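Labels run A, B, C and D following the written order; every chain starts at residue 1.
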């Protein structure tokens, strides 16, 4: 059943949206008007420039409110979460012991030139994140944390040599699309090496969504606020299902 | 010469815009995705949902960044300001004394049901605004401040009976377009009474722009941060020019 | 974090407030208003509307002749009750339809009238006291949480959207919800009836609307395990009637000031003084906390200059409330964070003022209003000004904390604005929870000197008012720089002198001496 | 607003820091690095790039044999200068092109080499001292304004966009501009050359880029009547070279830490210790204020737990700086506002830590970093956390104040973000300008107890490091929970022992004893 949703200010379907932006023009009343017309061109009805002021020579800042005519049919949004397999550490350990009978070999890395290891460490390190233990703490995982600035080649070589069951790639820097570039390179190399089908491949980072990840050819993607057990659950259920 | 301007994030023409809005749906990863698609439908490229979270049962809040493909040709923006006649109180008084030889009769009011008198008082009252004296302080004006919640009929009746030279109408409440409604009613009644041509008609309020005002049939409109001398200058130069 | 202030000056201010209020109370005791009489009827059980949507209590009171009115509506109505044996509601309907007329019952003995009216008055007061007990019991089961209590407004104009917004706000952490009234309601000399869906800048205060939101909040309170309070406005021409409806529907707070309507709505001062007295007697009994409106001095004039006026008004409001039998714990004196954000050390001045009030009125549930006047379309800056307000509030232990909205200069709050606003307050009040306890003020420093100055100036201004008399002082622009003549303004025609045997069963029951029990 | 802290413990910490640094200084005195030698050449006047864009100083130093290197590049180069009579720049070019080779000049007497090298060293130092005077003179004409000094970053990757952004930020109120380096530059063992327009997360630090922004800021300083400082990073494998370029281009500050590269960039510890010593000697002479990197302890681990590590590191950084001849007024010790915003009373802890540093290092231009780790995509909340950081900074009189960005978790700052961020700092620091002066802390309260605890724990940890030795302690995870072996990490192959007659004309001129004059 279709369910169109629109932004909600104080009344259903009023479509209210707040915008802010900078324009490279000196402030004047005409600049306010330019901001208003620009918002109108973006499709907003009743665009109101509630703030417009100079922030530097040749630059002005604006806050605008307007009503968008657009809605989205929420019933058509397919964005299955990777986090739906919720199991506890003990449950996962028991499941793996029973069905696999050995430790799952997992390698994680911050790939490309990215040096932001806090996120992947949060998933892998013993101490974990938000009170949820990291994969190193599980009986069912053998964890290899390769750290930061690991090239895609190095990562794949390691996976091949050490026969990894699962790979976890992290990207925090997203400037100029570097995250997508690196994630794509990893999938492609795994495929070229004929490893893709043998490995549970996950990625993560603050701008990652499961949808993006699956579109890129990953089994799952994990974004902001992920806790380790969500990732562990995904890997374990994927491997025990197969 | 045409001059297309687009929003500026950190590079000319990157088109970066910040948005925030609420959707009437329970938060989930799919809700984030709905927000992303909605932003895409609004025309934003590379829309990133940087924050998405539940704020109540059935409501989620989002912060989104994206790049708009739209620009605006700044050379085509015609938004002449009403504030371009800058004169000091003494200059105005001298000009009026010389060219008119009597006080200009001005009436101001908060029309409709609006009771926000601070703005119009700032223009009219002796003490003025931001260190700029109000019209009551001028030798060249005879000021009638009718106060708040003055009906359009009452205001026009007063203007007619007391032979006003200029009328100043204020609207601060803008909910459901009440400001435009009241402003329009005032022009129409003045026209119906055959007074429009004899009167300098100005309006003001935090959401008023000169452009809006002239479109509605006013001689000038004054927005946020107006100081009395700007209004006095406009009236005096309009009346001495005619 | 105590300021060193001169307690003798504080005591002197209280004495002056008493001297100021004393003659006004004498005047109040000798008069009544149509709004008070309509409230009496409502309390007895009259409700509903007649032709043209005019409320039955209005129809009845309007139909009284001057003679009848001067004895109090209860007497005439009581006579009819005694004679007809009808329930008050039924009697009201028949009077409204014109089927009956109160002049028919002039001959009924006053004693009979009083007896039956007293019976219904007791029923009504019992019901109110039951609601008060209900509140107490719920507060025990669902503790409200620590002050500063986060208070937000809903104002869509449509009571059902307001209900949605109120529940959402409660979930986000709001502890008090105010349904803002439609603009202009305070000038209506009647209370609209039934659920309403069209208001302007707010939603009509009607008994049905009160009930709708009260029920929704009771539900969410249980779900959250935290009692969420409801508040509305008992100001304007129907002040005592709104107090009546609020008592019955278990509102927890009411905006209710002894002078706000006079100064800011041009309501006749005599009308206001009489109405506030009866309203507060009732509020005291219902356990409703009043919120006074000193913040209004600051939105129209400079907040640094007006600080002594705020304090002076707090003393007067306190005195009027005491005279109506209110305990300190129900007197939510007002103030606001309205100093120009561009002023150097403005924050220090705000802290000084807030702490001064905290020390002078230690048991009062102080109401602290957010920045409004200096808020602009720069929502980012506005959010910061609100943060400093939140910090001041938690530092100085304010009680009723109206959350500021980053969109204050733009529109009545969106649902998302309210969530951001509550997040702001919660973050600041948590990260700096005990900051106030951990610091003290430099003796003779900027903060202390400011507080002392404000106190001295308030004392001076109270002295001037006492010398002139309150009504005369108001005429002479002592407050908010407006002049109001004692017999001018709206609603003066609804003020009348009491006959020597004027009678009001609720006044009889609630007279301040006995109200201590509430 | 003084905390009561144990001054004896503070003195003991300083003694421990001295005991910790002493043996490292002995090691430093007996060694040099390729980066130091390249800096010597740069200082003498060598510049430009050869084939494959390799900088000439690199080409020359890489061509030295072990024997030559151990005597210091100045000697071999001086011999060639003496023999050829060429200017250093011209000689550099000929060496780079292969036209000349330093081995040709082995036979030139050392005395002649020293004489001519000393001449060019003097010319270079005179030029630097002229730039220092220039700074002083400009600061007198265009006073920088009161601290906390507002510091913002520009980081577009393109030096021309950075220039635009830097000028805009200065107009908005920034007092210090940092051009963030391209990610990974700290791991390059050479300094890129010329103006650059493609960086990643930042813009390459090159001498040409320094000049471009310095000129733009000088221009805007004159226009605004307010000197705007420029800063960059002297960390990584080219630390002393960047210090050299900064001295020449009149940068005013440099990020420069004695251990940051070791812990956070896996640069060899010996390399880092030697490089920081020479860099700081030069910085001392150029009048450049260094900023240390203690904030990095807080971005990867819990800020409440790491507080003592920050203080311990501040003592060590101070000691290393003193040993290189830096006066307190040039030692910008670091800290950051990184406590979890959800922690109750987190603000009190931040105030405690900031005030503790302020009291222990009274003359240091403390550098205070903004919240980063707990910033999220909720820009509204982020702006508030920044506000509390701003408040803490002005209360505790921090000197170098890095403005937090509401978009910290999203992207390197947009031009508009910077304007909002500066507006935030200006608002808070003005409205609460003298708040810190007006309050004092409750003796034995939460704030004071926290400060005392941090001091005690820092003392304990310094004791442990002193017992082990600094290099051994770093291997044993004493800092930031990482282990670095003394001979591991990047750049170790660039470390070498000095021959007994190693000579460095700048060290000779700037040796700490004489640096007092700077």
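One rule holds for everything that comes next: a residue touches a chain if its C-beta (ideal position, glycine included) is under 8 Å from a C-beta of that chain, and two chains touch if they have at least 3 such contacts.
Owing to the predicted nature of the structure, the values given are computational and were not obtained by experimental measurement.
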_What's the farthest chain from chain A if centres are computed as the mean of the Cα atoms?_
C
*Could you compare the number of C-beta pairs in contact for A-D with that for B-D and name the larger?*
A-D
*Centroid spacing, where centroids are CA-atom means, of chain A and chain D in whole angstrom*: 34
*Roughly how far is chain C from chain D, going centre to centre by Cα mean, in whole Å?*
60
_Just the number, please: Cα centre separation of chain A and chain C in whole Å._
50
*For chain D, what residues touch not just one other chain but two or more?*
376-378, 380, 409, 411-412, 414-416, 420
*Two or more other chains in contact with one residue: find those residues in chain B.*
8-9, 12, 16, 18, 20-22, 48, 50, 59
*For chain C, which residues count as touching chain D in their complex?*
341-348, 351, 378, 380-381, 383-385, 387-388, 391, 406, 420, 423-424, 427-428, 430-435, 437-442, 445-447
*Show which residues of chain A lie in contact with chain B when the two form their complex.*
5-9, 12, 16-25, 28-30, 32-34, 37-38, 41-43, 48, 50, 59, 68, 70-72, 74, 77-81, 83, 207, 209-211, 223
_Looking at the complex, which residues from chain D come into contact with chain A?_
167-169, 171-172, 183-184, 200-201, 299-300, 373, 376-377, 409, 411-412, 414-416, 419-420
*Can you name the residues of chain D that touch chain B in the complex?*
155-156, 158, 161, 165, 376-380, 409-416
*Tell me, which parts of chain A touch chain C in their complex?*
8-12, 16, 18, 20, 48-53, 63, 65
